[in-house]
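Presented sequentially are two complexes of chain A, the first with chain B as partner and the second with chain C.
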Partner chain A sequence: MSTDPSQALLLECRRSTQTDTLFPYNAAVVTTLVRQIHTIHAHLVQSLRSAAPPSDEVMPTPTPPPAIMFTSTHHHLQIRRLKRVLLVYHAHRLHMLRAMLHRAHLSVTHLLPTIRPLLSPSELTFIRSYAQITMNYRAEFIDVLDIAASVDEPPKGMWVNVRVVKEVGEVITEGGVVDFRKGGRYLVRRGDVEMLLVQGYLEVVD
Partner chain B sequence: MADWNAASGPSWSNGQSHLPSPSPEPTEDTFPDDLDNERTDPISQLVKAWTIERCSPDIMAFEGELVGKIMGYLDAQAKLIGVLKVDGASEEDHEKIGLVQMEMDRVGWLLRSYIATRQEKLMRYTSYINSTPAIQTRLSVAEQTLIESYQQIFEESLIRDVVGNLPEELQALDEVLPDGRSMVSQPDLDKAVFIRAKQDCGPVLMPDGSSLEIKKRGIHLISYRVVEQLVLRGEVELA
Partner chain C sequence: MVFLSPPTSAHDAGQTYLTAYREILAKRRTRSNTPSAVVILAALEVDSLCACRMLASLLTRDGVQHRIEPISGYPALVALKDQLRKSQELHTLVLLNIGSMLDLASEDWFGEFGQGVRVHVIDSRRPRSLPNLFGVGERQERIVVWDDGEVGKLQEEKKAFEETMFDASDSEDEEEDEEDEEDMDEDEEDEEGTPRKKRKLNGGMSKRERREKRDEHVARLDKYYTGGTSYGQSCAGIIYILATALERADNALLWLSILGLTYQYLSSRIKRGTYEQMYEVFSDEVARLNTVTPGTVGEPGARQQLTADDTGIRASEEMRFMLVRHWNLYDAMYHSAYVMSRLRAWNEKGKKQLGGMLAKMGFSLQQCQQAFIHMDQDLKRSLRAKMDNYAPEYGLVELTYPSYTRSFGFRLQPLSAADVVEGVGALLEAASGVKLEVEMEGNRGGGEWFGGSRTWQLPGRSGGKENQPVGAGIRAEAKDSERKSTQQAEEDEREAKEEEWWVGNFWSAYDALGMNINLLRNSLPLAMALQRAIVRQGTALISKRAITQTKSFRLATIREGPDLALFAHPSTLSRLALWLVDATRTWVQSMQVGRKKRLLPFVVACAKEEVGTYVVVGVTGAEEMGDVRPNTFNLAFLEARDRSGARTRQVTFDTSVVEVNKEDLHKFLETLAMRAG
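Showing the complex of A and B:
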């Protein structure tokens, strides 16, 4: 196990991809890395300053001495790597959030309660605004087609066998009123119950 | 209604397995295909647009007219069914309505999948698209609005959590490193794709300098960049 904190973030991204889970926002490590960047950056600035000749003198050589070159390149690469790790971590989380929202059929109110403790404040803002802009985009099609519906599997048939997991009560469908009682099984049109399936009231029985 | 049902057929019922069977040297007329009498009805075209969009690593031009036609079709069918249902249809009519509804579900799914595939690419390459006018022309107006706002909220979030806390000269989000790597992700045009030639295309120049003759009905696994122009001209199809 590496003690490098940036490695921990990368590992987290990897695990999160493999298990398809969103982990809690790792504020502690992110802060550590940002501090590290600041420290290294300060070193870098200092070493460059010490190498630069006083401004009233004419520069004797166009390149600084090798020792300074080496140190500053090293610092520079370190900073670049840390910044990249931070961006990778955050971008990964935002992509993941996006995917989760689409799986929840763009319903941010349905998604948020479960994941809210995992998010940083700016991620919360992001997912809310994202829901808003995709809603605007969805409005382009909504009269005819709801693009929020799932595209994972092409429809195999019109009807779907469902079991009621949580009590729903009476629902008006195209074919008439259906009274969904807990534990009951019904054969209904997929389009009619799409939302209930997503919200976890019903589940598909094969 | 009847025309539409007849025309859509089973051509996309196996929509998930879109890899061609391996047959490196196809001979003339060994298997029936539709190269010579291509279907031109909107649903077949949508299937084609969807396949290309899913197989191509690049963002293709938005098929605005086609999407409009399909939307019009779905809308008309839905209204027709509404009328038929009110009129108290017979048993047989109910069955027919069921079939039409299923057809609509499927076409709707196809269209949603097409839109979702594009949306996924747009989100992944937002920053690249917004800085490349040539690609922007391939987007619909709604898509352009979408990714403009998306880039804004995406970068806002990164600025608040990361680069906003860094020293000033490290705050850029679109740096290009000296070795040519860029912070902005771009579509990987060198990705390998399966193609099937719809006509004789003549030799194409491979990256290593050799040339490859693409014959009608030939199936190749090839870098997208090499055949990009052929795909755009519709001389080969992605599969």
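Showing the complex of A and C:
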């Protein structure tokens, strides 16, 4: 019955976790769910009102009749479930966004062009301010420690073999100028190209 | 005037590989240790690929940042040279199987590079440009040739070169002033200092004597240069010697150098004798690096005890059947040039003979068309003995050659060096850029359903590309191309695409050599498909009698066919030519009874449709299998071009390959026929 669209949202979360991709923000379903909540809430209020005794009468027992009791509980649970679904959906998306941002070395300018069409306006604001906050935090000790660096794969050595995915051109590294041209492979110091690796200009080969 | 000799011990005082390598290492602790400082250029062949891999691993372990670039031919080399010239950091350039014929110190090549740049040339191709070896001067000092000990034999050429070189300045005067008086001549030379000195050295020799001497020297040089292309020690072998001198040789490096050697042998670049000589050297190394644990001795050959991490190299006797361990026996025999030539299996009669031989051995055809690993155990075990018994009846002597196999733990059954060379070679030629149908495992010969085949695809990586964000680079490229005229843009695009796929091929082959087992395994079906195409085309040429004979060579032209795109690749076409030479060897000899038995060289031309040219390959055939004769087509092609005025260009470093414009082909071949006679 009314659970159908919410099921779709849950399914989407599940799929997105399994495939590790961000799906476009499902605004239509979210709006439907919000509307459903409003409708059910209206029903609930109405049924409670109808059960309420006339205001001048003071009844010793506040318990409403069982029929009303049942309907309102049912409505209440429905609303709770829908709210939960919405929370799960959004929490999942935020979690995912944060993970993506971390993977992108906390650089929002690099990440945004690819995922912008997938975000809702509020998510956009979120990710921007999140990046801002982390940046402020990081800036204090960036010269000593870069907490944005990924730790999934601890580097095996100082050197790394890279191939050029996109033409980069000349890059000034600690050692000197490196001209990264497509088609070649380079053995370079990992620290020199970390940023280019993250941004997808270079790719590690073994 | 720098050439290096192979080191005899680690403390050799002379100019050896070690000196050069140490020189490369010397700069690593300084600020100039960047990837732009050491650049390795590798030609697109298995040998240089192996050498490149070895050198890169040595440098990596020494912490030298470097850059590797595959180079397909002269245009690519020129482009890269222009790109590198601007580089401030460059100090070492290593050329693997590239350009030993070029006068590298000249303005056209690396003459105008900065002071500190050293160009190391490691090339197995002979003859080499003598200025690189013996030239003197500041520029020549920068060219370092890694020699395999051959220079010692070139003393006479050296002398001749030096004489002609230093006489060059006054030789012009001489020719001009031939009729002039002696006094005049001397007066002139009084003013110039150096020639005078030279003259003094020559002492009392009369002018005539001197001229005779000079002519003799020139003739000697000519002889050296026109002797035809042959091959010395493989690049991979040279790097291996370096590794041993550094005391860093290990199984991985050894295996790569064995591959380099096997490639040279399989592509008929070196003689059987040379191969066996090198084989001896390597077998000592194999024994040194692969100690046999006492428990496993006993059974020789294929059945060794394997553990999960066993990556040892073992000596083995290989049969001349193509990829026999991975194909089925029948196909492996049918598709090897060796069997083809003896049984003439391109017609029905020959095929019957092949079947007959298998029947005589007691191998049912059904078993033989079974994948080799699924063949009956006892048949497999008796294969060698049976072959030795029955094969000589059919003229199949010298069925085996000594080689090595390497184990890959539990990940893959052991591969022989030849298997890997075929696989990697196939990747180089056809990993992408051309479509090849490969048979699917299990559906062989019309198997369960309709005989499965699918288009071969490079596994992996392609999926990763799509996830990459679209960056600014592409947009900039798009803008660039807009600016150009559309036609120009199209042309560029086509060229870029071609470039793209051979670069991709190089790297996939490079990865396959680096223990990317999956890729290596997948390359084997590709090698089979490639060989199938070659045999299909070859048999078609023979049975359609499309091979014409001129006085001096035999000619086959491929103008159409399903595999046209495939044979437009020079090395695939060379393989076809070699196959034709091998396959028709005995046939031709038997036809020429009574006449002087002479095996004519083969010229194969293939249309390259999209650019309107023909790729022409010439190979020389030796009378005996396993023998090699120098390839003289390099000069023949050049001469034919000059005489016929055909528009040709040399695209690869292989000197026996040229591209000829469509309209000029006929003219070109006619001239070639006349000349070579």
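By our rule, the second predicted complex is superposed on the first by the 202 of 206 C-alpha atoms of A that agree within 3 Å, B and C clash if a C-alpha of one lies under 4 Å from a C-alpha of the other, contacts with A are read in each partner's own complex, and residues count from 1 in each chain.
Throughout what follows, a residue touches a chain if its C-beta (ideal position, glycine included) is under 8 Å from a C-beta of that chain, and two chains touch if they have at least 3 such contacts.
Only a predicted model underlies this, so the values are computations on that prediction, with no experimental measurement involved.
J.: Should the pairing of chain B and chain C on chain A count as a clash or a fit in the superposition?
T.: fit
J.: Could you read off the angle at the CA centre of chain A, spanning the centres of chain B and chain C, to the nearest 10°?
T.: 80
J.: Would you check which partner chain A:Gly200 touches, where first means chain B only, second means chain C only, and both and neither mean what they say?
T.: In the superposition, A:Gly200 touches chain C alone.
J.: Kindly classify A:Ser122 by the partners it touches after superposition: chain B alone (first), chain C alone (second), both, or neither?
T.: first
J.: Check whether A:Ala51 is in contact with chain B, with chain C, with both or with neither, and answer first, second, both or neither.
T.: Neither: A:Ala51 stays clear of chain B and chain C.
J.: Output check: A:Met158 vs chain B and chain C. Expected answer is one of first, second, both, neither. What do you get?
T.: Both partners, chain B and chain C.
J.: Answer with first, second, both or neither: which of chain B and chain C does A:Val108 touch in the superposed model?
T.: neither
J.: Touch check for A:Leu87: first (chain B), second (chain C), both, or neither?
T.: In the superposition, A:Leu87 touches chain B alone.
J.: Kindly classify A:Val188 by the partners it touches after superposition: chain B alone (first), chain C alone (second), both, or neither?
T.: The answer is second: A:Val188 touches chain C but not chain B.
J.: Name the chain, either chain B or chain C, that contacts more residues of chain A.
T.: B
J.: Considering only the touch criterion stated at the top, classify A:Met100 as touching first (chain B), second (chain C), both, or neither.
T.: Neither: A:Met100 stays clear of chain B and chain C.
J.: Have a look at where A:Asp179 lands relative to chain B and chain C in the superposition and call it first, second, both or neither.
T.: In the superposition, A:Asp179 contacts chain C only.
J.: So if I take every C-alpha atom in chain B and every one in chain C after superposing, what is the smallest distance between them in Å?
T.: Nearest C-alpha pair, chain B versus chain C: 5 Å apart.
J.: Starting from the residues of chain A touching chain B, keep only those that also touch chain C in the other complex, and list them.
T.: The answer is residues 158, 189 of chain A.
J.: Quick one: in the complex, what on chain A touches chain B?
T.: Counting only chain A, the residues touching chain B are 30, 34, 37-38, 41, 79-80, 83, 86-87, 90-91, 94-95, 98, 102, 120-123, 125-126, 129-130, 133-134, 136-137, 140-141, 143-145, 147, 149, 151, 154-155, 157-158, 189-191.
J.: What residues on chain C touch chain A, complex-wise?
T.: Residues 31-37, 56, 59-60, 63-70, 83, 87-89, 464-465, 468-471, 473-474, 477, 499-500, 503, 507, 510-511, 514.
J.: Which of the residues in chain A come into contact with chain C in the complex?
T.: Touch residues, chain A against chain C: 110, 113-114, 158-159, 161, 163, 165-168, 173, 175-179, 181, 183-189, 199-201, 203, 205-206.
J.: Taking the touch rule as given, give the residues of chain B at its contact with chain A in the complex, in rising order.
T.: 15-16, 71, 74-75, 78, 98, 101-102, 105-106, 108-113, 115-116, 119, 123-124, 142-143, 145-146, 149-150, 153-154, 156-158, 160-163, 165-167, 170, 173, 177, 183
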